[in-house]
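Shared chain: chain A. Partners: chain B in the first complex, chain C in the second.
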Partner chain A sequence: MRAFTRIAAWCYALAVYGFIFLPVVVLVLFSLQSTSFPIPPFTGPSLRWYQAVLSDTRLTSALVNSLLVASISSAAAVTLGFLSAWGFARFHLPGSALLRGLITLPLTVSYLIIGMGLLVLFNSASVPKSLLAAGIGHVVINLPLCFAIIYSQMGDHQINIERAARDLGAPEWKVLLLITVPVMAPAIFAAFFLSMTFSWDEFVISFLLTRFDTTLPVEIWNLLRSGLNPKTNAVGSLVFAVSIVLVVFFELTLLRRKPA
Partner chain B sequence: MNTAQNNGHALRWALVAPALGWTLLFFVLPFIAMGLSSLTAHEGGGFTLSNYSQFFTNASYWQAMVNSLQVTAIVTVVSVLLAYPFAWILAEMVPVRWQRLALMLAVLPFWTSYVVRSYSWLLVLAQNGVVNRALTGSGLISEPLQLANTRLATTIGFVHFFVMLLTLTIFANLKQLSPSYRRAAADLGAGPVRTFLHVVLPLTLPGIMVGAFLTFVLCIGDYITPQILGGNNELVMPQLVMMQIGRRGDFPLASALSIILMVVVTAAYLACARWLKIERT
Partner chain C sequence: MSTPLVDIRDVSHRFGQHSVLKNVSLTIEPGSYTILLGPSGSGKTTLLSILGGFVSPSEGKVFIRGQDCTFVPPARRPTTTVFQDYALFPHMSVGANVGFGLRMRGVDGATRAAKVREALALVGLAAAFDKKPHQLSGGQRQRVALARALVVEPAVLLLDEPLGALDLKLRRQMQDELKAIQKRVGTAFVHVTHDQEEAMALADHCVVMNDGRIEDEGPPERVYARPATRFSATFMGESTILAGTVTEAKNGTIAVATSAGAVSLPGALQQGTTVALAIRPEHLVLGAASGAVALGQATIGDVVFQGSFKRVLATSALDPALQFIAKAPASAKVRAGDTIAVSCDASDIILLAN
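Right after this comes the complex of A and B.
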């Protein structure tokens, strides 16, 4: 009986793994065949569609746009998040809990609604659709995240180091740049990395707020109009590969050395 | 001293002002704009409540909300039921040194792009896709099944995503559980089944609720999965919102529908928060 439940449990786990990996395996497998439809039977391997993706200037420029929007908006979100976290953690501010609640509020609202709000606002102020508008939206969704991560890591033990620096005559900006930022580096890096992945993958805000120059998820969305298309498979597999490299890198660098 | 204090005051606010200003300008203000827009008539402007009343009188709008709630409820329940045993096996039966790897593998497809993940399910479920080929090839069915562009496809796409998310949260929950609870239950004579039902499950219930709530919020607000996998057959709320902007440029109605959707999510949050508080005491 015990052996039976064990076997059943392992079969269940395998089935769930199968379910989780099925679409990814199908995606990558059929990106590697040269026929014009990514459907069985598999006739491959061929890199034809990867070539097609890399020579498609719309996709490559969308990729560059995505990287630009992700890195710049994440840098902005981390900077704003870090400064406000430091302000709230180190100084007593009237209405602090309320203001902190305000900063984290966008976390509870879906991206669609944040995008809609910005669209209505920009539309009524006659601000044209652009990558900048999408970047502003990405800061809105990532700022609360960065703030929450960094604020939660601002422990009391760092106050003493900062105090020591001030006693030794360091002005406030020097304390910030030479003490707080290096001490908080793991949290800052984690916040930046998470923002990058969210912005990189974000679709609906970019879809609503950009027009001609757009980000990669939106460009992939445009590809979907042509139905099942091996080019979509290829670009999807490439995005997956990049994400895996990033995750492994993150796992190896940041999570290995646990903060003391 | 006085100037130093003043400087300190100025500095404090200078640190938090950019983040607060950003939130006010690009989150609160858009919200107000959306609220105002939802109260104006699409044709000709002017104050009106018709954007809201349309939702209650137009059966197809109402139906979109019903569809949204049904899909979300099914997805949440199925995902929890699938993920809990899976997370349990990872936490209890996989040797500790392999657990990290097992968990990383279990959420690896999480890192594909969200749009691409839905598209991948389209490949699997299409008329001439993998599932239909396998079924017809093995002679189980003679005609391919209509799997894509159905509510079933939307549900599968969602469940795939949320099983990964919930496995992460439930796994973390199970690992946080101190083994002494289970030892105590065993000492008092409870078998593994009773220990699970009366000790482990109740202790992990708050964590499950948090995960289920997250699933609810993300699922009900998502446009991508239903649009790619469900097609235009049984619309859900986010699709309805996007349709108003896309085809008709009707911002007021889209704003009103967004606000209604948000009210539903907030109500769910309040109900959930209340329930969790009762759980804890």
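Right after this comes the complex of A and C.
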């Protein structure tokens, strides 16, 4: 009986992880195909499609664009999120709970709605479609996330540390820069990497707000319109690999706590 | 007379509707060790925060070295604080922690390092320069916090229950060291505590606070021997309190009728005044009435052996509401349930006006 439940548990775990990871495994596997169609039988392994991706300037420049948009928009989202978290945690504000709710609200709104809203807004403000516009969109979706992560880690035990720094003669900006930011570094980096992951993968907003220069997910979508081939698998695998690296950084910075 | 180092004038403070300090005035002399002693909620920590600049008083003024510092932020006052939780910077080495204040004052690296080493040597932690705070024990962190606050040479060092987080043995040891360090550097220390033993051991000037007011202040010997109020008689050490009324007053002697009998003692109060008489446990004599003032018979309720003495609680036979607190020699043969005579000397009775 016990053996049976054990086997059942294993089967269940296999089914769950298979359900989650099988599509990715198939994607990666057929990116190594040596023939021209990503369908069985497997004919690889071969790196020819990766070579094709890296020699395609549209894809590589989209990759660079994506990295730029992800890192710059995440830096902006983290900075703004950190400052607002610090403000909410350290100062008594009227309607604090309501304002905190409002700042995290975009987390619950679909990217499509946010993207459409921004499109309409940028149109009427005659801001052209560009990577900058997409970057601003990514700040909008990632700021609430950065705020929530950093605010949750900003405890009362740091108040006295900041007071001590002030007591020893530090002006406010030095308190923030030399004390609060380093003490909060794990949460700040975690927010940064998670925000980069989301920006890196984001399609809808980038699709709506960019035109000629665009990000990698939009470029992949363009590629897909001409049908499946192992090149789309290869570029998809690259996107996935970068996401994995970012998530691992996120987990490491958030989970590895220094002893108090 | 020179101006005092710190002059707190008529300071009151309210948190919303709640009044935590009520018209407090206090002066602090250079080089003194002042203890603010009181139960929680007495306003002692608020007073310290007002001195440090973390709280601006609702009313009143604070002068430090003759300058009005009432609304000067902490960064720009000549005070530093040792926080109860030490508040060390966890991401910096001990050396960087101690050197932080000097760095903010623009002192160059080499001078800074030399001064930091000197300050660490002063607190007996010369070897900890490169360590991180989390590698140190509680007592060592306490010393780092002390060195960090002292190295910038403040006019006044403020200590917020600095020994509260340490165990009893370490607390007594750190207490002796604090006193020695204070004598060596000569900086005025203001130290908040609710531990009366700590207060008596450390203070040059002891300030007893209760309910937002200063009840009594002076050298600890005086505050203990002749407390000014009923509160300080019971908070700074224990006392037996006898309530009574003056029945006769002449030639500098008054007779007071109490529930334990008539007591006559030196004093100049009007007939009919209600008073409280306080007697320290070590001044109550149990058994064969050798004291000049007889306080009737009492039934012993509880005897607690405390090593060098026995703490005895006894209920008066004349007034069941009256409880005597006495200190008997360790060898005394007293047992719960015994009835015994209680007496004392008139000169040991502390007269407290109600």
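Things to note:
Simple rule for what comes next: the second predicted complex is superposed on the first by the 245 of 260 C-alpha atoms of A that agree within 3 Å, B and C clash if a C-alpha of one lies under 4 Å from a C-alpha of the other, contacts with A are read in each partner's own complex, and residues count from 1 in each chain.
Here is the rule we go by: a contact is a pair of C-beta atoms (placed from the backbone, for glycine too) under 8 Å apart; a residue touches a chain by one contact, two chains touch by 3 or more.
The model shown is predicted, which means the values in this text are computed figures rather than measured ones.
In the superposed pair of complexes, A:Ile179 makes contact with chain C only, with no contact to chain B.
In the superposed model, A:Ala191 makes contact with neither chain B nor chain C. The larger set of touched chain A residues comes from B, when the choice is between chain B and chain C. Shared-chain residue A:Val69: touches no atom of chain B or chain C.
Legend: residue contacts after superposition of the two complexes on their common chain; A:Asp167 is shown touching chain C, with no touch to chain B.
In the superposition on chain A, contact of A:Phe19 is made with chain B only, not with chain C. With both structures placed on the common chain, the touch criterion links A:Asp201 to chain B but leaves chain C unconnected. Using the contact criterion defined above for the overlaid structures, shared-chain residue A:Pro106 touches chain B, although it does not reach chain C. Once the two complexes are laid over each other on the shared chain, residue contacts for A:Ala134 go to neither chain B nor chain C. Across the interface of their complex, chain A is touched by residues 8, 11-13, 15-16, 18-20, 22-24, 26-31, 33-34, 37, 82, 85-86, 89-90, 93, 104-106, 108-109, 111-117, 119-124, 126, 128-130, 133, 160, 163-164, 217-218, 220-224, 228, 238, 241-242, 245, 251, 254-255, 258, 261-262, 265, 269 of chain B. Contacts from chain A toward chain C in the complex involve residues 157, 160-161, 163-171, 174, 179, 182-183, 185, 258-260. Across the complex, chain B is touched by residues 6, 9-10, 12-13, 16-17, 19-24, 26-27, 30, 37-41, 80-81, 83-84, 86-88, 91, 93, 99, 102-103, 105-106, 108-114, 116-121, 123-124, 136-137, 139-140, 143, 147, 172, 197, 201, 203-204, 208, 216-217, 220-221, 224, 228, 232-233, 235-236, 239-240, 243-244, 246-247, 251 of chain A.
Contact residues on chain C toward chain A in their complex (touch as defined above): 52-54, 73-76, 79-81, 83, 85, 87-91, 100-101, 104-105, 134, 148-149, 152.
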